[in-house]
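Notes follow the structure.
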Amino acid sequence: MCRWLAYFGDPIRPEELLYQPGRSLIEQSRRGTPGAAVNNGDGYGLGWYGLHDRPGLFRSISPAWGDANLRELSAQIRSPLFLAHVRAATGTPVQQTNCHPFRHGRWLFVHNGYIGEFWRLRRELLLAVDPVLFRGIDGSTDSEVMFYLGLTFGLAEDPVGGLERMAGLIEDVGRRAGVEHPLQMTVGLSDGERLYAVRYASGPVVNTLFVSSSVADIRLLYPEDERFRHFSDEARVVVSEPLIDLPGLWEEIPASSSLVVQDGPDLVTAFRPQPP
Amino acid sequence: MCRWLAYFGDPIRPEELLYQPGRSLIEQSRRGTPGAAVNNGDGYGLGWYGLHDRPGLFRSISPAWGDANLRELSAQIRSPLFLAHVRAATGTPVQQTNCHPFRHGRWLFVHNGYIGEFWRLRRELLLAVDPVLFRGIDGSTDSEVMFYLGLTFGLAEDPVGGLERMAGLIEDVGRRAGVEHPLQMTVGLSDGERLYAVRYASGPVVNTLFVSSSVADIRLLYPEDERFRHFSDEARVVVSEPLIDLPGLWEEIPASSSLVVQDGPDLVTAFRPQPP
Amino acid sequence: MCRWLAYFGDPIRPEELLYQPGRSLIEQSRRGTPGAAVNNGDGYGLGWYGLHDRPGLFRSISPAWGDANLRELSAQIRSPLFLAHVRAATGTPVQQTNCHPFRHGRWLFVHNGYIGEFWRLRRELLLAVDPVLFRGIDGSTDSEVMFYLGLTFGLAEDPVGGLERMAGLIEDVGRRAGVEHPLQMTVGLSDGERLYAVRYASGPVVNTLFVSSSVADIRLLYPEDERFRHFSDEARVVVSEPLIDLPGLWEEIPASSSLVVQDGPDLVTAFRPQPP
Amino acid sequence: MCRWLAYFGDPIRPEELLYQPGRSLIEQSRRGTPGAAVNNGDGYGLGWYGLHDRPGLFRSISPAWGDANLRELSAQIRSPLFLAHVRAATGTPVQQTNCHPFRHGRWLFVHNGYIGEFWRLRRELLLAVDPVLFRGIDGSTDSEVMFYLGLTFGLAEDPVGGLERMAGLIEDVGRRAGVEHPLQMTVGLSDGERLYAVRYASGPVVNTLFVSSSVADIRLLYPEDERFRHFSDEARVVVSEPLIDLPGLWEEIPASSSLVVQDGPDLVTAFRPQPP
């Protein structure tokens, strides 16, 4: 099981969320949560919007907890929108091209979950990727194939719709191949203007996903930390697991729903896979 | 341009060929040959037959010249048949799954060369791989696709024939896509019993490939080195570039031909791509 | 807290102990034991006696659990005496030269524990190392300094005595600097003929160390596994934590004692640090 | 032989100097200059002044030419003062703590050259480092010891004087130990306000060092590249080897001299080692 985090708001240094909270993403990667069988030591990634339309991307196969470069980088940049991911490999190799986020043009994508029996389905799913987009696939994970299927199905114009058609195809291909629950996912996606978060699974068990309930709550996180006084009213953090235990701070994103974080009111809508 | 080396004969420590000759494979990887534009610092691999039918495989993205583990390993094992490769990446990522040799069951495969405009042809070539074999493709190189196409076309039963059909398909797909010279290759292949070496290119420029002319010549390599007195009469070394400059020592394998090194007389035959 | 394992007996493939038991060293490195705060993902090493007097050494900063090369190597060699170690860094960098085992000539050394407030003591301890031996120190860990202090104090002629004088010096330097409990250690040491294991701490808490109670018990470990029928009567496994939970299988090595595993009867003696 | 580059001027993206000139530092690292025996594939580093007084530091053991993270980072930050280094190891291990720049507080340090017979002198030189500063030494290179000797001898208050006393001590220790030419160096040093560059050797052969002659010349470098129109009048680039061949563009810094690049006129003074 991977873990991820996304931030939307006024520019901050990523280290403020990656390292400083009580149970930061990096600390989670090393220690695991109660009950977690394994750690998240199989690589990590940070994607951030900054100087250019095209986001920066930093990925490594080192465990995040011991990586001096991640600590440096996340202290030396400021970004209004970033996504970070720590990986626990589930069958595909530990290599940079399998680390999240995945990037295509302005888009960043992170995923926690899996495609059931991916190795049986992989070839058929790859065939469904647009042949020109196909050239951008560098790694061997199910997650990257999900991203490229979303792109194939119009994610760039209709992000949630693209993801619904991606999910619909995977369920269709999987069920025809006899996979009972083909898809398990929480997904984070951004084009640098909005942050999209989706929580969905084909079966009854759905990976968790949380959003910070309001900026006032973010300030609660760090009552004595002046650095967080500047958090903007629009600021939101989306996380696969809570960073700190404060009742009322985190809202669980409902299963089978998508969240759009943006300037102005956020949107929560039902997420319904669209079969091909 | 990658470089590779293969050994067939009585068991030796791989370090005897990787490190000890005047211009060893490792030294070549760092310094280049005269005229070589770049070094071979983008990973390496060693595959060897030893305790089991399935060969051992050791691959790393470190430059070979500075890798303590390769030096240790190649001094601590003995093998009658091994293949080593140093990589200069030409567009695909530097990652372990892109390092040669590639392995499937008992088979090892190394390649120096390229498929012309591979990124345009990749999808169609992947589709031609047998769907069950397809599951074994871990990396993103043209070389690995060549190996799996060979396996698809019967390499395990008819090694040279499988490679000829692989080459024929690539030329057919490439030319239909407007690639003038789709294939450039020297290939090393083994099942642990025989060593196969092929030199071929679609166009007039063909990468070099050499075989040591006889065991007497191998002894000439190291006239004062007692360790090499034990080289067996059947011993052969195949290399993409000569390891040491001694007139008469290395025979160039002719373009468009295949060599089979085995117990008993070696075979050289014409290599003729078979279109599908 | 690091973990380590040592084997003495008829030659086996290291994978039989690293990967195959129910709670193998590699599995331990990923999951931790109940109560362990962190995993052992900060590099690993395997040292083994084989073709030469000088042992082979394979060390990497990758987490052991995902490292294909360790799996290959440990399946492709056979050794009558090897030491393996998985690291959880406690302040010093994750780099190959900080991975155990450390090697000097024929000697291999692994350590679980620490020198208290090492960074304050490091300079004085380094000064106590013999100036010629000093040239062999490549890394920055307390463990490597312990090994070189042992070598300085005659470990090569009197292994346990050398370690006792090393421990005595560290306690002396530490206590003069105000460190209450300067030393915590389980140590594994070998010259290829004998295996030495020491368990000691300056304070009341002493890291665990176990030895397999007899070869009959090793066979109990794998009652249905024919590969282990060949274990020799002299075979012993020393581990920082038990590999499998079977009552009576593992004997705890008493605190403040040393064990010598050798041909003929093993020896357990008191371990008494010798101040300088 | 290592290579390095330093920039002082209005903020630019480091990629403009690392990747874009005809013979950029990264390209140099891969191809070598005519006559260079080996490449610079043994790690690299980038140190830059940005959001904080303490500079950012990014170091890796990968070859620079293939490292996606360096390319990303150097495109996504802007800095008015940075130092970059590509390493060719000369006996000490390839590890992150041996990569330049070295950092202490606000200071960054890069070096091309060596201390003659360092392994014989290392212990005595380490002993000359201030015991509190000593705790900051993480790696095993001669270069890092040079930096800490400079810090010990007052580099933070008197940069060139500190380096002169460092050089004087090394020559003194070296010559007493029978080393004919103990020191070979070009050094880059900064505190974020000024850039110091020193060229010196104990013997007649002195590594090269160049400074761009004026901002007008920098603009000549990229006559058609609008991105370089914004180069400030104070901008200077210091390099171990010229990045591009344009007569008159680069001034060689004289042997045995130091250059201070700063707001206002730059200074060139004689560099005279001060024996202890």
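A few remarks follow.
For reference, chains read A, B, C and D in written order, and residue numbers begin at 1 within each chain.
Here is the rule we use: a residue touches a chain if its C-beta (ideal position, glycine included) is under 8 Å from a C-beta of that chain, and two chains touch if they have at least 3 such contacts.
These numbers come from a predicted model, not from an experiment.
Contacts with chain A and chain D are shared by B, C.
Identification of common neighbours of chain C and chain D yields A, B. In this structure, the chain pairs B-C and A-B differ in their number of contacting C-beta pairs, and the larger number is found at B-C. Mean C-alpha position of chain A lies 40 Å from that of chain B.
Contacts with at least two other chains are made by residues 68, 93, 96 of chain D. Chain C makes touch with chain B in their complex at residues 13, 48, 50-52, 56-60, 68-69, 72-73, 75-78, 96. Of all the residues in chain B, the ones that touch chain A in their complex are 93, 95-97, 119-120, 122-123, 126-127, 131, 134-135, 137-140. By the touch rule above, chain C contacts chain A in their complex via residues 30-32, 37-39, 41-42, 61-63, 65-66, 68, 89, 93-94.
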